[in-house]
Amino acid sequence: MTADRTPTPADSPTPVPTRWVGPLRISGNAANGETHVPLATYESPLWPSVARGARLSRLVADGITVTLVDDRMTRSVLLRTTDAEGAHTAARNIHARMEELRALTRESSRYAELLAVRHEITGPLLFVRFEFATGDAAGHNMATLAADRLLNHLLTRLPDITYGSVSGNYCTDKKATAINGILGRGKNATAELLIPQPLVARHLHTTSRRIAQLNVDKNLIGTLLAGGIRSANAHYANMLLAFYLATGQDAANIVEGSQGITYAADRGGDLYFSCTLPNLIVGTVGNGKTLPTVEEALTRLACREARPAGHNARRLAALAAATVLCGELSLMAAQTNPGELMRAHTHLERRNGAHHVH
Amino acid sequence: MTADRTPTPADSPTPVPTRWVGPLRISGNAANGETHVPLATYESPLWPSVARGARLSRLVADGITVTLVDDRMTRSVLLRTTDAEGAHTAARNIHARMEELRALTRESSRYAELLAVRHEITGPLLFVRFEFATGDAAGHNMATLAADRLLNHLLTRLPDITYGSVSGNYCTDKKATAINGILGRGKNATAELLIPQPLVARHLHTTSRRIAQLNVDKNLIGTLLAGGIRSANAHYANMLLAFYLATGQDAANIVEGSQGITYAADRGGDLYFSCTLPNLIVGTVGNGKTLPTVEEALTRLACREARPAGHNARRLAALAAATVLCGELSLMAAQTNPGELMRAHTHLERRNGAHHVH
Amino acid sequence: MTADRTPTPADSPTPVPTRWVGPLRISGNAANGETHVPLATYESPLWPSVARGARLSRLVADGITVTLVDDRMTRSVLLRTTDAEGAHTAARNIHARMEELRALTRESSRYAELLAVRHEITGPLLFVRFEFATGDAAGHNMATLAADRLLNHLLTRLPDITYGSVSGNYCTDKKATAINGILGRGKNATAELLIPQPLVARHLHTTSRRIAQLNVDKNLIGTLLAGGIRSANAHYANMLLAFYLATGQDAANIVEGSQGITYAADRGGDLYFSCTLPNLIVGTVGNGKTLPTVEEALTRLACREARPAGHNARRLAALAAATVLCGELSLMAAQTNPGELMRAHTHLERRNGAHHVH
Amino acid sequence: MTADRTPTPADSPTPVPTRWVGPLRISGNAANGETHVPLATYESPLWPSVARGARLSRLVADGITVTLVDDRMTRSVLLRTTDAEGAHTAARNIHARMEELRALTRESSRYAELLAVRHEITGPLLFVRFEFATGDAAGHNMATLAADRLLNHLLTRLPDITYGSVSGNYCTDKKATAINGILGRGKNATAELLIPQPLVARHLHTTSRRIAQLNVDKNLIGTLLAGGIRSANAHYANMLLAFYLATGQDAANIVEGSQGITYAADRGGDLYFSCTLPNLIVGTVGNGKTLPTVEEALTRLACREARPAGHNARRLAALAAATVLCGELSLMAAQTNPGELMRAHTHLERRNGAHHVH
């Protein structure tokens, strides 16, 4: 497979405007301290939006608390049989071979570990979903390589089973589905901030009650009416795209990454605000991470430290979640006030020399 | 709202590796001829994957046919009342004011036109979804600006109605929902290629029948089992991200953009292969389009020509859809063959100097 | 098509236990006054649950207000072409023939009226969704008959179009989808009750705040996490099944009927509680309505009166929505109190002679 | 909680017209032999539709093969904490207590067994989903009773955890969601029939190829476009409703029961046709099963035999799945032929004395 392209001057990289915003103050089981975060985006209003959230984080003792509750990468393979009985027999056979499959996984990479196997049968089709630990890599390739090896092994061991696909879309990669949130894929993190009432008034120009109500009416009910799936937020995709690009991630994973839930509550005037992101697919090694700009960004984020396997990537996920909270909080506050959003955009783009809104 | 950031050397742009792949041969109601397309991505295997599809397009008389069947941008506002009767009365009032709202929209921008208004009532909440034509702009800002004006107008005209939000998530922007496909948002395009049987064998190393079967088992059933919503494809998100970044689009719109449907059929040995993308949010003017690299890319793609309003953007959408088809076809073909995928990835990344798969 | 069955004594009807509960007090644009409602169910705890809500309705001046905001029945046909361009041409042709299609619809039944036509293209497939007014019938047959006629007409008028199916599942009948809520199918009704704080305490043993919070955490977030689609309620299906069976409806329509949204708010201690049901498929004539028990039930509900076409069915929909509210309110209140649910069930089943919980 | 109702003559049961259709020939791991099945419905065309499928089952050696691959009942509780860290700590605590929870479950009923526990965290909310074996009962009450006991136990053992709800809608009962198919709820059964080409022609008046194509275009793509969730079939809800009513089931469970997938393939002219139903909630003991008509029906279906716990209910699930296949096959065949559907309905209703289609 060779790319039949004529090299041209335009093969130079696409420079995406980037700013380091913050610092964010952060605490929790995966990252602690203060850090600026890089945001690569064509949408310049994103920077001050995240910056406003960051400022609030520094006004609260523990800042944004991020709790990381799960970490795994998946790949599903598709097998074909003649009927459901054949699929059922094969599934039992596969589960009986867990030790064998674990050993094979370890051989495929020194960082890969098989955590669990689940399956589903539909007529003569058998979908097998492998869940892996993948160290500090996001794990797309590691999971695919391992799954490929497991698949080949199973094809030679199971009678009456034929190859369907190394990916059966039951993984699920870069699609918005329910399975990733329910079974887990990527890092599952919740970012939280408890903002005293006076700070809500002074910095967000609103009240806890109005934000909590907007979250119910817009993020929960509005998204639900639109036919959304396992998602309720204002604009996680914006922050994730910018953070992913600046840190060398496969930003197509914002599709599932942006499925997450904003929860806001009026706690006696204070604002409890949280963003739960069950599917953060990030790594600190792998594709894209050796580019100098990316490497520099990861280093500055303290995500290239000597730590146990996986801990750098978890820190990165925590920073991503905290960044999402900053931008989400800022936009939600703005939308409680008629007119603020457009004023901010128009002002900002003018300040940044962008075209006027047209 | 000021960004409290300390300028640092790292505020330089993030350079995303980019190649021009092709040329693709394309025909249809929005673009014709041959053109290379730029793909900005950290995932280098994407380039030869799209290139393989492009090569096939040049071996067929009309190449990839793209049919654009719809074009609109939306914004929903959220209004609150005391009860459903109030919401019902307000909704009727709004529909009765269509001419008034159309005139207001035209005042907000010379390119904006109000095409339709739909609404939904839930308890005391009223979601109003405005659909606009936005010329060659993707239209986020134009639609928001117009919606803001319409909203303010309605708030002063409708009794017992209070402000909820300038966006009620019923739009829906950068979220995977059903509404955008059903009611329309962005450009709706289908890219199709009819590949004679000998070319399927020689260039894709597979058969029409195997691709059609894989499409049913993986893209349709696999995605469905995973709990997907209005989407059935292998990896639209990858091509869209790379194309959007290289052409200055707001790439967070790949979230809904990647919701699309691959349809494959064995037509007497020949392969009918199509990608329907109902939600392509692209523009040739607006945010990000004035950056020199982007401007150069759009110019080279012949999307900055003197054409009637909207035609440059439609051409760009057609190129995006054709690019998606190239990459989708290539991956689907590869997945019909055990082992091909990993061989391709491993080979490619080595060739591109990327880390080995780990 | 003949049923090859041997008649047996068991061919006697299945008697489903039924009670008339209430009366409910109701107001709004489709029904007013007090009425008992019949509930046919094997689940006897449903009766006192709805009865508790009914009692509350009688303690509030206007009782439950039901606002009916839409009324239509749909059928989608599936057409096949060779490519998207063919489908696009056909779609435009169909929309240009609206007057012709309206006339044909009127010929198919004196109650049928074609309200709107929408379509969607996917590759070579064209889905055309017809929306009808169907008088007092739920309209399954009237819509199918009309669609069949329209389909045959189009097949002879449109070149290069072939028959796909008289139903393309884009209607959508008896499946939980997003389209019915977004585009409308059946009667769309919101039932609301504003309960003064003292009544909340005395009759529901809870507070407005606790119910509102439970609605967010359970109905909205719990359902969302479970991967639900356009639905957020505790148990609409229970009330609808019992009401549909007792009134001769096609109770398989509870599948989409149960997709609805409960909205609860603490209004200064008082409880605003509403149930929005966008897809009530009910009729007062047609299949099942001539059985004596059913006819008697409909008569007693005052749904066989001399009224303009459609008004009896709308009254029935309003009663269904009010009944749903009664049961939903009662269960939600119960679930705010640990242990109440099980006590109620165990007590009730014992009282009704059912098996103890086992 | 007392029902404030005035007893009336109308409190007599609602008699739902019922016929025993068949016999169906069936084989597999849960039921074998030939049996008629009862269908209680107001929609009389259902009887000959299922009868046609049943006739085909008798013309094939093994008839319809049903493979039951899973069996469990679920209930999720909702717990509240102050933040995600608290929820995470509680979740780990719960998983560490599995033995304790298993013992408590056994105490709650001699048939209940705790199979697994899963959880999900969203902000300060903790959803815990218990999976139980429930013997021959469908298990709603058994699962609720056990969950209530487990919940009370946990509330006294876990610090900083407060009661949310005995059901957090993450179960999920009588709602169409993705979780039940992915994690399992009820009995998961696939019914399959391989029909030789001549029988397809003679009895279904169609071809395997046409049915397979219709299944892709209508059931898979049509449902997907409509915004369906984890479901692809023509009308499972119809058969399930009639079967559930006649056998005393809680028929509101057709909401999730009707989420299933039809898979059809042209195997060299022969038709492979299957219906996968992952969420059959049926029992042979419990609510409704002691009514004489129901008891007689269950006895006649040989589902009240002396068998190991759970085996009667599994047999019933197998019969339900086979019945669904009969009706689904018949309608799908009919829809491949323009006009057949309406002819069948009109003829049938006339024969059954129902109103003509209007």
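First chain written, first letter: the chains are A, B, C and D, and each begins at residue 1.
The definition used in the following text is that contacts are C-beta pairs under 8 Å (C-beta built on N, C-alpha and C of every residue); 3 or more make two chains touch, one makes a residue touch a chain.
What you see is a predicted model, and the numbers here were worked out from it, not measured in a lab.
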Ask   = Of the other chains, whose C-alpha centre is the longest way from the centre of chain C?
value = A
Ask   = Hey, which pair has more contacts between C-betas, A-D or C-D?
value = C-D
Inquiry  = Rounded to a whole Å, what is the gap between the Cα centroids of chain A and chain D?
reply    = 35
Remark   = Cα centroid separation, chain C vs chain D, in Å, comes to 20
Chain B residues counted as touching two or more neighbouring chains = 120, 122, 125, 177-179, 181-182, 221, 225-227, 229-231, 261, 263
Complex interface listing, chain C residues touching chain D = 1-6, 8, 10-22, 36, 38, 40, 42-44, 47-49, 51-52, 54-55, 76, 78, 80, 109, 111, 120, 122, 125, 127, 137, 141-142, 144-145, 148, 151-152, 155, 163-180, 182, 214, 217-219, 221-223, 225-231, 233-235, 237-238, 240-241, 245-246, 248-252, 254-255, 258-259, 285-291, 293-294, 296-297, 300, 335-336, 338-339, 341-342, 344-345, 347-349, 354-355, 357-358
Inquiry  = With touch defined as at the start, can you tell me which chain B residues reach chain C in the complex?
reply    = 28-29, 65, 67, 69, 83-85, 88, 91, 120-125, 177-179, 181-183, 188, 190, 192, 227, 229-230, 261, 263, 265, 272, 274, 276, 278
Remark   = Seen from chain C, its contact residues with chain A in the complex are 178, 181-182, 216, 220-221, 224-227, 229-232, 261, 263
